[in-house]
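Two complexes follow with subunit A in common, the first pairing it with subunit B and the second with subunit C.
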Partner chain A sequence: MTTIKKPKSPGGRKAGRRHPLSSVALIAIGLLFTGGAYAAFSTSTASAETSATSQQTIGEGKKLFAANCATCHGLAAQGTGSGPSLIGVGAASVDFQVGTGRMPLQMNGPQAEKKAVQFTDEQIAALAAYVSSLAPGPGLPEAKLLDEKGDAANGAELFRINCAMCHNVAGAGGALTEGKYAPSLDGVTSKHIYEAMVTGPQSMPVFNDMNITPESKRDIITYLKYLENNPSPGGYALGSLGPVSEGLFLWIFGLGAIVALTVWITAKSN
Partner chain B sequence: MSTTTTTTELVETKKSGGLTAVAANYIDERTSISTAVKELGRKIFPDHWSFLLGEVALYSFVIILLSGSFLTFFFSASMTPVLYDGSYVPLKGVEMSAAMSSSLDISFDIRGGLLMRQVHHWAALLFVAAIGLHMLRIYFTGAFRKPRELNWVIGFILFILAMAEGFTGYSLPDDLLSGNGLRIIDGMVKGIPLIGTWISFLLFGGEFPGEAIIGRLYSLHILLLPAIIVALIAMHLLFVVVHKHTQYPGAGRTNQNVVGYPVLPVYAAKAGGFFFIVFGVVMLMASLFTINPIWNYGPYDPSPVSAGTQPDWYIGFADGALRLIPPGLEFVWLDRTYSFNILIPLVSLGLFILVVLIYPFIEAWVTGDKREHHILDRPRNAPTRTAIGAAGVTFYAALWATASSDIIATHFRVTIEGVILTMQFLTLVGPFIAFFIAKRVCLALQKKDREIVLHGYESGRIVRLPGGEYIEVHQPIDEYERWKLVSYSDYKPLMIRPNAQGKITAGQKLRAGMSRWFFEDRIEPVTSTELEQSHGDHH
Partner chain C sequence: MAKDDNSGKDLAAADSSGVGHEEAPAGTAVVVRDAVANPGLPPHRLRVTDLDPSAERRAERTVYTLFYLSIVGSVFAIAAYMAFPIVPEDPGSVRTNNLFIGLGLTLALMAIGIGAVHWGKALMFDHEGIDERHPVRGSDETRSRSVEIFQEAGEESGIGRRTLIRNSLIGALIAFPLPAVVLFRGLGPQDDNPAALLSHTMWKKGTRLALDPTGTPIKASDITLGSAFHVIPEGLQDLEHGKLEEKAKAAVLLMRLKPEDLNELPERKSWSYDGIVAYSKICTHVGCPVALYEQQTHHLLCPCHQSQFDVSNHCEVIFGPAKRPLPQLPIAVDSEGYLIAQSDFTEPVGPSFWERN
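Here is the complex of A and B:
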């Protein structure tokens, strides 16, 4: 703020401060700086989580961790009998688990499910900063990998080969063993899809950068977003579940309508 | 009225009638069609909604033929690899077979193509479903009895052929889903001992998937199977005309007559209109609801399998049978693998199909009834048949539902192991439970009918007699209603009789045993004597 030049005379200074436009200018400057700082902050978290996360954020994260996560994961995130160690899971894992509401866990069950997010974005960032400060791990994805402008055809092929056996070709989800399931990918943010691929939450395998390159991950996200943003060309998709929902629809609504019409056509007129 | 106007009117009527008459006469003189029209036009059809189900099947078949012809103009049944260059972005530049590529072109680049594909597929699902429902109606009303046993067999073969048509069609686009379906068939074929592998190689022209199968399935799908189906439908309908239509029991309806409307003019108009209604329903479904989105499945590649991979509904029972088989049923003997996890479903489904196919003959043998039957049974009046039907439906339904075990697991939030275990139980025990319940319900309903015939309806009106006694007034049933309740054929268990040599054969014993099982528990129809007596009791 010191860099802004001010009029030199004391009288002029006073007049400048009282100038009708001065409050407008102050607000503009304030907005410019907070916006700029925010932009700088967000890009720096995207590129590398260490540079912008100050010691203060880590401290905040530690407090949040102790209050909300340590019961199961241990005070030093070392893990306990009821929760795994979080050393080395990285910011991506925290952002996915907490950012989709899976953590903190609400109850025991076959798997942690998506639910209402329990923390603000700042709190999630603080938790992520704290956990990633313990040991290096997968960081948050760069923004350019999430721009949904990759090669959808390549993404679709990779998705069919690597993901469709659990998540279904249209990302509608599918069953796993013992009550676990691969959730539907409809409405999941690009960032969370990317983080899930990198960290392999719960039953999901890890798809590291050697396995599927970051660019290919971008393609997969592009494909999923294509499916999400383009309605099915054939009309209502019946949940994209395949022949089961088609058959059910046919028997209940198709044949149901036909039978109703046969009853109508053979009804005796009054 | 002046004479001039009359003459013009006369001339006009003569003119319009004249042309029709001349044309009709021209055709009749050359084809003698009037005999057929006279015969068919006066054919009486009874009116009941359940008699239209077969018609629905026929109409869906017509829709399938029409839409299918459109599709053949653009489909290329070749497995030659090409690079897709159509307008669906997420498949651009992907290598696929010409079959898949042309299916995608039909869906995205040919005007009306996607609609026609969806019409074809929805109509196919409706076709098989309508046949299924039609068959259930025939079964539960006993319409397969003499003289219609052969028509039951033809109809059932049509059902099997419809499934074959459906499956070959499902495989043609060569997308991931259909390829996986073919892979399962390939696996089942290879599971047959000794000859399985040979048959598979013969079928696919080498190792699966090869480059021949789509072309071969296409020949079957558009040439051989439809030709057989059309021929069998013609026979099926011819038999319907020859046998006359069956009718539900009712006053004035006998084995000798048919109560209903003549084909011309009302019935034909109704039936013709009904075709357009069915077409309309199929069109609505096809234009509003996606079916088989091959663009999601992508080209076939033997490695990926999607979650929720199922066949179309009518093959579901076979898929379900495979899912139900517990693991660990493969044995190696004499250097050959015997896959009982394939053989058990194959054999049990084969037996099931065989029993359904020959059921009319089994029942005729058990009852020993050689009379013609043109009056339908109310299902309750044939308790054992209805119960067998209920058991069969339960068995089929359990297998069918198992094909969607994974979808049941995710959508009802249960474990897939639990679903499979439940369905295993339902498949094996469910039919017995269904048999018992259905039989008891039928007998109870028959008892209720008897009660109503003898004592009338409970009217709910309580009357105090002069002596102080309270009675509830029963409303006697009217004669038309009563006819429905008392006129059914009743069977008694057959007695074992020695044959000409004075011996009781094992076959005789089996037949007597079956007959006892069929007719031991029965409620006899009310006789006129009983009716007379009951009139004395009340009022």
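Here is the complex of A and C:
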């Protein structure tokens, strides 16, 4: 026991020895330095690339596509047995699918689910530039349509007519057939909402500009953001799922309280 | 006592049957002696409050504290009503107002209830008594006397003898509910045959398909592949009366598929236009709006009872309780390129009804 304690006790040697954590700190500083330098270098080159949507960006995107997407979508994005053709889907579709992490697909399933984004913004832009260079398609939405300052009331009416049957009137999402589902719209960025309406990803139908005008799409986004930023006046919304969660809550807690009270009333006092 | 009488009778019947066994033959009810003896009531156990004076005082304190708490709750509710007024235009104020008034009232009522129950259980006189259940059957005297009373009443009122009075009373009782029938009938459509109303919608030859809710007519070229348009007949927005009734029948979902994906019935080949098809949005099960369109599988899902329709296969039912496919609206394109209806639906939309053929 004493031998184990021994190296801890002498204080004189402390000055001469390095702290046990110093090597870890040194490595961390070194990594931070190289990483930071690399990041600074790569962002400067990337911004130079995106400033001119040039053949170079498209070439960059083509390389990324060949490395990450071509297995399923084909080397020329023409589609294969395991993935659809991407000719004419446009930059909006790429930005939505890759920007929400749905693509590249992690595994086969009823539908591609939202997950951690696999590419940087520059890489997504390069992929989008490449795919939109193949054939014209829906482009990225203008910033003024995403400012969330439209008419929320009109947006709410359009949402109820066109979207609420799948996404729930409060945007909480809902089930479709055979394991597919309409995802919750809570926390989805304005840009991705807009792109989803224009491109109709997966099971979702397309809502083109003749069906819902760009200004109306802005209103719908305004409504969804209003819902996000204004809590339900009725108090805790239980996920806004309607009778399922509300009924479950009452069955368990409401009836539970009644049963507990009944047991207490009829039990003999001690 | 009655039970004993019966068992005696049963035993006698078993003896007279001449089988000679102690038990009755199969099929004859025998009153068997209960194998489990009645354990009786458990001994009376005194409560802590009966034995320990300090526990009794504590219980008393609890009860009156609860009643005082109730007063606090009531005062709190009044204070909350004043402190958190409902501000128009601010739904959040409704929530705080309701929450605090509710908390105060809950405290006021719950404290009275819990206090009263605790008072009764812990402090009130703890006397155990047994109330025997009365036999359901009355005594023979009571029964025969009741029959007599009815007979006397019948004779004294003369209901059997005075047939005019009796029959007119029966007639009056039959006539009494008739006004209700007439009044309830007044809630339905008055001058029209309801079955005919259910069989026809606002669509007729040449009606343009328009966007819900604006009423803007739709051009065939506007509908891109994979689109789903929610459609009303043009002119529905301008209706003075019955707008909702007409919309409930005429709502249509317009979809565009690849023409090669459509498997159309031979007699309906001319009902679509370049892969654009229009189907009634009203479920044939109980009339919910079917609008959950999956553009890749071309399935339509009804959110109420999960009926599924296959749009590529003339909307036939592939799952769920619906029995008939969704009615298809025959469409065409007019000279200006707008989508128009060729006619009304060729069958009544929505759920079945009595007169439906």
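What we mean here is this: the second predicted complex is superposed on the first by the 211 of 270 C-alpha atoms of A that agree within 3 Å, B and C clash if a C-alpha of one lies under 4 Å from a C-alpha of the other, contacts with A are read in each partner's own complex, and residues count from 1 in each chain.
By our rule, a contact is a pair of C-beta atoms (placed from the backbone, for glycine too) under 8 Å apart; a residue touches a chain by one contact, two chains touch by 3 or more.
Being a predicted model, the structure only gives us computed values, none of them experimental.
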Query raised in the report: Looking at the combined model built on subunit A, do subunit B and subunit C fit side by side or clash?
Result: clash
Report task. Using the superposition on chain A described above, determine whether A:Tyr236 touches subunit B (first), subunit C (second), both, or neither. Result -> first
**Report entry** Partner chain in contact with A:Leu255 - subunit B first, subunit C second, else both or neither
**Finding:** first
Requested in this report: Could you say whether A:Gln202 touches subunit B, subunit C, both of them, or neither, answering first, second, both or neither?
Outcome: second
Report task. Have a look at where A:Glu157 lands relative to subunit B and subunit C in the superposition and call it first, second, both or neither. Result -> both
Query raised in the report: Does subunit C touch more residues of subunit A than subunit B does, or is it the other way round?
Result: B
Report task. Once the structures are superposed on A, label A:Gln78 by its partner contacts, choosing first (subunit B), second (subunit C), both or neither. Result -> neither
Query raised in the report: Is A:Met210 contacted by the first partner subunit B, the second partner subunit C, both or neither?
Result: second
Query raised in the report: If you stack the two complexes on chain A, which partner ends up touching A:Thr177: first (subunit B), second (subunit C), both, or neither?
Result: both
Report task. Considering only the touch criterion stated at the top, classify A:Cys166 as touching first (subunit B), second (subunit C), both, or neither. Result -> both
Query raised in the report: For subunit A, which residues lie in the overlap of the subunit B contacts and the subunit C contacts?
Result: 157, 161, 165-166, 174, 176-178, 182, 233-235, 265, 268
Requested in this report: Within their complex, state which residues of subunit C touch subunit A.
Outcome: 45, 47-49, 91-92, 94-95, 99, 117, 121-122, 126, 211-213, 218-219, 222-230, 255, 289, 291-297, 299, 301, 303, 306, 308, 319
Query raised in the report: Contact residues on subunit A for subunit C in the complex?
Result: 157-158, 161-162, 165-166, 174, 176-178, 180, 182, 200, 202-208, 210-211, 231, 233-235, 264-265, 268-270
Query - Partner subunit A, residues of subunit B touching it in the complex - result: 47-53, 56, 88-94, 107-108, 114, 118, 122, 125-126, 129-130, 133, 176-177, 270, 273-274, 277-278, 281-282, 285-293, 295-298, 301, 303-313, 316, 403-407, 409-410, 413-418
Requested in this report: Can you check the complex and tell me which residues of subunit A touch subunit B?
Outcome: 110, 152-153, 155-157, 160-161, 164-170, 172-179, 181-182, 223, 226-227, 232-238, 240-251, 253-255, 257-259, 261-263, 265-266, 268
